[in-house]
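Read through the structures below before going on.
After this come two complexes, each holding chain A, first together with chain B and then together with chain C.
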Partner chain A sequence: MPTLPPETLLAGRTARHGTAELSELPLVPLWWIAPFPGREAALSRALAAAHGVPFPAPGETVRSGDTEIRWAGRAQALLIGPAAADPGLAEHAAVTDVSDVYARLVLTGPDTACVLARLVPLDLRPARFPAGRTARTLLGHMTAQVTATPEGVELLVMRSFARTAFHEIETAMRGVAARPG
Partner chain B sequence: MRLDCPLCGPRDLREFTPRGAAVHARRPEGETWSEAWHHHLHLRDNPAGRSEELWYHGSGCTAWLIVERDTATHEVFSVRLAAEGGA
Partner chain C sequence: MRLSGYGRVDRTQSVPFRFDGRMLTGHPGDTLASALIANGVRLVGRSFKYHRPRGILTAGSEEPNALVEIGEGAGRVPNVRATVQEVHEGLVAHSQNRWPSLERDLLAVNDLAAPFLGAGFYYKTFMWPAAFWERVYEPAIRRAAGLGSFTREADPHRHEKAFASCDLLVIGAGAAGLMAALAAGEAGADVILAEEGAEPGGRLLAEAEEVGGRPAQDWAAATLARLGAMPNVRVMPRTAVTGAHDGGTYGALERVSEHLAHPAPECPRDCFWRIDARVAVLAAGALERPVAFPDNDRPGVMMASAVRAYLHRWGVVPGARIALFAAGDDARRTARDLAAAGVQIAAVIDPRADAPAPEGIDAPYFAGGQVVGTSGRQGLTAIRVRAGGRVRRIAADVLAMSGGWSPTVHLACHMGGRPVWDEALGAFLPPREGARGAVPGLIPAGAAAGVFDTAGCLASGLAAAGEALSRLGLRAPRIEVPEAEDDPGRSVPLFRVSGKGRAWLDFQNDVTVKDVELSAREGFVSVEHMKRYTTQGMAPDQGKTSNVVALAVLAEATGQTIPETGTTTFRPPYVPVPLGTIAAGAQGKGFAPERFTTSHDASAARGAPMIEAGLWYRPSYFPARGETTWREACAREVAMVREAVGVADVSTLGKIEFRGPDTGAFLDLVYTSRFSTLKPGRARYGIMLREDGHVMDDGTTARLSDDIWVMTTTTAAAGQVMAHLEMVQQCHAPGMATRFTSTTDGWAQFAVAGPRAPDLLAQVLDGGHDAGSFPFMACAAVTVAGVAGRLFRISFSGEHAYEIAVPARHGAALWRLLCAYAEGLGGGPYGMEALNVLRIEKGFPTHAELHGRTTAFDLGLQNMLSPRKDFIGKAAATRPGLLDPGRERLVGLRPVDKAGRLLAGAHLFKRGAKAIRVNDQGYLTSACHSPTLGHDIALGFVSAGPERMGERLSMVDHLRGVTTEVEICSPVFLDPDGARARS
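For the complex of A and B:
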């Protein structure tokens, strides 16, 4: 039987301008977790027991092995990594498979913060937004989940915005690279 | 202008949408017509100065906020979550 490998939206496209490099990341299992009113503490315990990560505080990510959880707004988090979310979580929260909902992009290199300053209304310099911090904010006119990782800044945008996001970031990269050093 | 979201911290105005006076979040008791409903629907204050408004942090945490600010000077006095009794 033929195997069909999963294909990403931009086929893993990359771009490099100046000292910044933009890449599309492979698909990963993503679960949107939204606790029911009053069940936040119970959900956090269930998450820790099943996946090794509690419900994160605002702006935080928590990692345990290959599993990561990111705060994604009021009473919302994204669980990243596990092929299946523990069925017990559904007792405390709405749990939705959003693996193919987002395009994942990563921007790396010394110009990363400078490039994103043209699109994101947050100070993303590592001193103010170190690895492990996350924020839901704007990327141009798109909402995006922006996360600092040891490699750079990872951006999750709705899949329908994948090409627009790549194009806008690449335009910003060209602009920054064109400035006299 | 920036708003200091209780969850996200200080954020740029473009992440927020205003919804108008916070009176929207304070419906009178009961469903039957009363003087209180008449006031709620028709006799709104329109203060030039200190007022309370509902703002939606749609491009941030998606929380509804009660923002106490001066509509004449844009000075912001407080921002709190509508869901946590802020209304």
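For the complex of A and C:
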């Protein structure tokens, strides 16, 4: 009987240059959730009841145990963690499995903000972008969702772009590490 | 010559470098200019037009003369200012614009022809014959006139771009900038202090002054140390702010490793910053103006402030007998400091008749005097001074001059603001905030604001910081302004000295007083016209040292005042930014992202050449053993699909998933035909129009279950369709309960096509596969080798075909499995070439046909424009002009002679008609060799095409020089009833 073992385009690659480290994170269940018109409040209640997290405000993430909800654009959020989204949510919102749509990368270490400053046009100073903040933005020529975590910055890029994203970030890491003084 | 006891260079170390092949030495801390001066080198370049010998004029980035080429081979960088480039071990510099050598430049013959080479000479001289301009005159002029030469090789340097954000950007780290940064840093603001030079300090490093009771250099160092200890302050040396842009964004060029002998291989040479600042302080200082007197361009004629800077900062003096010509008290410090250092002062010439003699300087003094000439072919040997009604010759190897100071207002004018003339200061000041075109949030301070004494600059920097902090909502700290020199001295502006001979204004572009006067005489009296006619201010230095002097000369020539004459427009960048830096990150793979499918590695391993489809990489064909051309592989793959089974990765097609009860109604709005009636388990083909009635895209939408709808788009238009759907939802249907997101990357989707496709599916689907119960255009959730997937019975080849999808993580494994099973059934993978042939044989359009100018009517799809509902583009699509039978409409084309070649892009003409535009009958959009039919076939658009079946036309490809007789036929070459797909 044939089987289809899972693979990612980066096969869990990591890179370290200077004080920054880049790794591919394992896939996790991701549910794209977008409320229907007028159902925002009901959806938020249903989410809180079923998954312990309300619908997030723009740029915010909310965490409860292993479940996180992450704002993901105008009237959109990503529910991260649960193997299944509560079926009751479908009454209020579109709920779509997007677990395979994204590659997840994480950049850690003291140079994190410095490296991303080469690619991301946002103000990522820790005071302005503390752990828990999230934004949809550009990563070089690509789009990405960046989220500050206690460890560093997590990046979601469309899966097909994963190798370019890794290459671009690694190039920035090398440039930062090679700077004098 | 190097003086002991002066300068900030590290004399314990020697740094060897080369200039024009000569091995010289400098010290760490030297610029190339200071090191050349230390080595007694005076002649460093040749001028742009007349090839006049030129030396170092300034000590800053405004340098017009001392431009050199740095490095060798592909990494050579032209037009580098020797006053900016720091020396490092192994530095190789060459002078520019001379042949065969700097000392014996044969093109200096231009100087003899100077009377014929005035402003606009080429407009007047090279009028005839017209054709000669491009081929003879212009190349000859370009060879003779110029600056550095360009390497034609790829740039080997690494460049970088970066973003930064701060509360306060301080531009310039002189007295005012340091003070502003200190105050704002103490207040807790996030500060970026950008300093163009290698070392912050500005004029504090270049003068013999005291600040706070200690040498100014020490105060600067101590202040810098305090700033360095503040985590909220970032000092960026070697960073020139190049532009003030919208919304508080500033461009800045950082020289990262140009000063290093052995930078790490991956270290960028430079970095272009975009700095987002809530407030900025412009503490960019001021530029000293040269005086336009006859023959003022000889090596040895220098700015007075630069001579002081070379003495105090670098411990070098450019000559042994130095004369001073200045109309301001501040410039007298040059004579004072040099005399104190033991350098002989040849003379002090002050055009002010009433100026008292300088104290303590043992040198002839000429009040009311003027320098009216110089001599010395490759370096100054003497000056001629007119004073008291007679002219004297005075031996001197350096003349330090000063015509006054121009505040560095450039950045303050980058949004179109005009500087304001201050009659008392004799200088242009930055536009007031709030004035038309002024840069919002940019607060000028120090010399940039017209404050020319050190105490005043410190106070001005502190005040600017206070203003900035109040805008940021922060409390200004209590900081005392340290005691410092508080007398800027008296001065009068001095622009020109009349006399016989050429007096240079723009050293870099070789523009003289005479050129500007000629310009005014010939009617180019506006400063903008004068600039273009004479090229004054158009060289890489953008006229930093010459603009104000030139417009003063123009004002005199036209009888206007200086403010009436006005300035030309200041535009970014303030200093030249290398093109490689602007393009940073876009070299090689950085040019565009690469999108890879899950089957990419397996296809590459089979040797499939990749072609780009948008950002995607798709296999072109899969070469088999013994095949030598792509046509052989393509023909085999087509036959494989027609006779057995082929598999192809179609994951690149856009996939958009819909949920919500109003999805059907929403699709009715965006597609021309009805989709709300689509039953679960079925798929439907549709086209969508732009609002202007032309076809935007086509594809199928499948309804997998009551609430799961999956739209497919073409690969090329996936992004456009997504943006269009967003527009429709937000603008036309905000109340509809439907939501959609792109899942293109989430699913690996493979076409399985050919008569044996059902056999293949039976092997991979859990529970087998029964084609009879899964008709054409059916869709369903399935289990594929244990994984939840999706199956669609759709065909882009005209064969019995499916598309099978699994979550992307399983795509690579499924692809390998499908290839293996297909090969077991006499088939295998096929690439884009075969895919294209298969669809052309069936007359299926792609974006070659849906090219943005075609309508549903043109494509023969007018029956899909539902008359019973509204849809986007309906009104526009039914305009009479878009339904005119005479429009160019889709047809098939085949060669009359089977061997005839058909080529996409070729045009069609009636037989015997001249192949010119007015006779055009249409054009070919897709063409290929059909291995199934054994001849070329094509799709194209022909005027009233469907009504001209069987007519013969002449196909002419003007580019490739091919003419073929063709016959109009149906666009469906194979299986017109579609029986194979439905079988």
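Rule of thumb we're sticking to: the second predicted complex is superposed on the first by the 175 of 181 C-alpha atoms of A that agree within 3 Å, B and C clash if a C-alpha of one lies under 4 Å from a C-alpha of the other, contacts with A are read in each partner's own complex, and residues count from 1 in each chain.
Note that a residue touches a chain if its C-beta (ideal position, glycine included) is under 8 Å from a C-beta of that chain, and two chains touch if they have at least 3 such contacts.
Here the structure is a predicted model, which is why all the values come from computation and not from measurement.
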Chain C versus chain B, contacts on chain A by residue: C
Which superposed partner A:Pro121 touches (first chain B, second chain C, both, neither): both
First (chain B), second (chain C), both or neither touched by A:Ala49: neither
Contacts of A:Gln76 with chain B and chain C, given as first, second, both or neither: both
Partner chain in contact with A:Ala131 - chain B first, chain C second, else both or neither: neither
Partner chain(s) touched by A:Ala41 [first = chain B, second = chain C, both, neither]: neither
Partner chain(s) touched by A:Pro58 [first = chain B, second = chain C, both, neither]: first
Set intersection of chain A contacts, chain C complex versus chain B complex: 76, 121-122
Of all residues in chain C, those that touch chain A in their complex: 158, 160-165, 190, 256-257, 260, 263-268, 274, 276, 585, 589-590, 592-598, 600, 616, 657-660, 707, 734-747, 764, 784-787, 806-814, 817
Residues of chain A that touch chain C when the two form their complex: 1-9, 27, 32, 34-37, 76, 90, 93-102, 117-118, 120-123, 125, 127-128, 140-142, 158-165, 167-168, 171-172, 174-175, 177-180
Residues of chain A touching chain B in the complex: 58-59, 73-74, 76, 121-122, 135-138, 143
Interface residues, chain B side, partner chain A - complex: 7-9, 11-12, 14-15, 58-63, 81, 83
